[in-house]
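For clarity, chains are labelled A, B and C in written order, and residue numbers in each chain start from 1.
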Amino acid sequence: MALDFIATFAFALVGAHTAVNRGMDVGGILFVAGVSALSGGTFRNMALQIHPAWIDRPYLLFAVIAAFLATLISKRSGRVGKYALALDSLGLGFAVVAAAQIAVAHHLMIGATLVLAVLSGVLGGLIRDVLCQVPPVLLHRETNGSAALIGAITFIALCHTPLTYLENGAISGLLVVLIRLLSIKFRWNLPRISRRQA
Amino acid sequence: MALDFIATFAFALVGAHTAVNRGMDVGGILFVAGVSALSGGTFRNMALQIHPAWIDRPYLLFAVIAAFLATLISKRSGRVGKYALALDSLGLGFAVVAAAQIAVAHHLMIGATLVLAVLSGVLGGLIRDVLCQVPPVLLHRETNGSAALIGAITFIALCHTPLTYLENGAISGLLVVLIRLLSIKFRWNLPRISRRQA
Amino acid sequence: MALDFIATFAFALVGAHTAVNRGMDVGGILFVAGVSALSGGTFRNMALQIHPAWIDRPYLLFAVIAAFLATLISKRSGRVGKYALALDSLGLGFAVVAAAQIAVAHHLMIGATLVLAVLSGVLGGLIRDVLCQVPPVLLHRETNGSAALIGAITFIALCHTPLTYLENGAISGLLVVLIRLLSIKFRWNLPRISRRQA
């Protein structure tokens, strides 16, 4: 499916970009791109005892290679560009909805569906940051997790309406994209807990 | 089971505490709490081709949320408190015994049972430290691993006695708690290898 | 199988060495040795819904313990010795070929076979570096990944010849060893992308 390819491409692009900024060699860049793009879905499937997606859908690997080549060719550096971030938000929306759909199809309970949907969306970026030895943005100043959680809750809620899976997925996925883009534009952040060290 | 809930709560509490001390936002705190509490059992089940525990027992997720809320409300900071450490030791004892029981029920050999029991007990804390970018205490100055190993060996040995699983588990689990508490009180440490750099 | 044992021993030896250099206690050294040696095969099997190798072949655990004891006894420190690196290359060759064989036996497509073979070969070293909090050599200046990839491609290509699995595996595996040793001797590196920060 085209969306599948675009989501993988987007995650791989941001991963490759982060690896370039950390001064990795081309092997490291390709590796981080692949891990960023495929970890979430791999964990999702392994938790449900299904083959990782890249085993049955090899075109996902082409999405990673395409993002890798685009990074090598690109002249731009520094911060990830606006277009890449928009694409990344689209990837998050897709990953969350795809995981929620699979979880519902496997008759998972609500809590487990939420966990699986959020993890599928954010795991790639988390492992990316661990491999690049930077503080995980997910845990410090990102709204990926919140957007994913709200999207997954919306998907579950809309399962009890007459909407088709496709309509439900489109609404929930676009909501994730919307929250993510608004949070970037207006620099929304989750609160921290400020405490004096006792 | 109540013990299950308490063990998850304890691991999540220490995880949330570590995340607070690293200045994470509330999303990061909840995430680290969940990963600290659930990674060990998730790996254990996935290695045995069983669903992760949080899929079938959603009340484990409530244990994580309870620990998260307790952390938000709490005024204390700095070092993890004595009660949390005692609770964490109880969690370790439970996790090790639960994994050893499942491994024995799956007819795993002794070596594999030991590996699975120790990993189930320590994996959550290890991933917690990796995500928080602190040197993993497990690998540098902790006795969690040794306590878990001794507990697992005890459990396997007692399987050849007329003790029931429950009695065996209680003895092995309390032994883990005892070793852990004594090691904290008397600052027991495993030796390092000191060498001149050649 | 003897090769299996040697490969695990080699990976564990390098892992234990890295842990010693990071000043870990003996528990940490044993743990890192085990994770370095067994992660690749564990992931490979879990992705294919097979038990991790250490569950069914407990002698692999003895290979880890042997490497751990050899490290404790050894007087040498500093850089990993030449013999250990040669052994490590042999381990890589074996791990890649073993994974490629299993992937082909499971009728995986070419792309998935390559991913699985490379990951099986390099995952242990990657997790080792994450746990030791050093920049992953795989991603910065190592040719493990390239050697593994070329070996896996060779194995797949030779599957279409009248060579037996054993002959094919020997050729592909020795090619991995050769590339790895030559790259160490002549300090081959993959290029980086040098860019001005935009």
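Note that in this section a residue touches a chain if its C-beta (ideal position, glycine included) is under 8 Å from a C-beta of that chain, and two chains touch if they have at least 3 such contacts.
Keep in mind it's a predicted model, so treat the numbers as computed, not measured.
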Quick check of your reading of the touch definition: is the inter-chain graph here a line, ring, star, complete or other? complete
Between chain B and chain C the C-alpha superposition rotation, given in steps of 5 degrees, amounts to 120
Provide the C-alpha centroid distance between chain A and chain C, rounded to the nearest whole angstrom. 29
Indicate the residues of chain C shared as contacts by at least two other chains. 46, 49, 130, 133
Interface with chain C, chain A side, in the complex: residues 19-20, 23-29, 31-32, 34, 42, 46, 49, 51-52, 54-56, 58, 61-62, 71-72, 75-78, 130-131, 133
Across the complex, what residues on chain B touch chain C? 46-49, 108-112, 115-116, 122, 126, 130, 133, 135-136, 138-143, 145-146, 189-193, 195-198
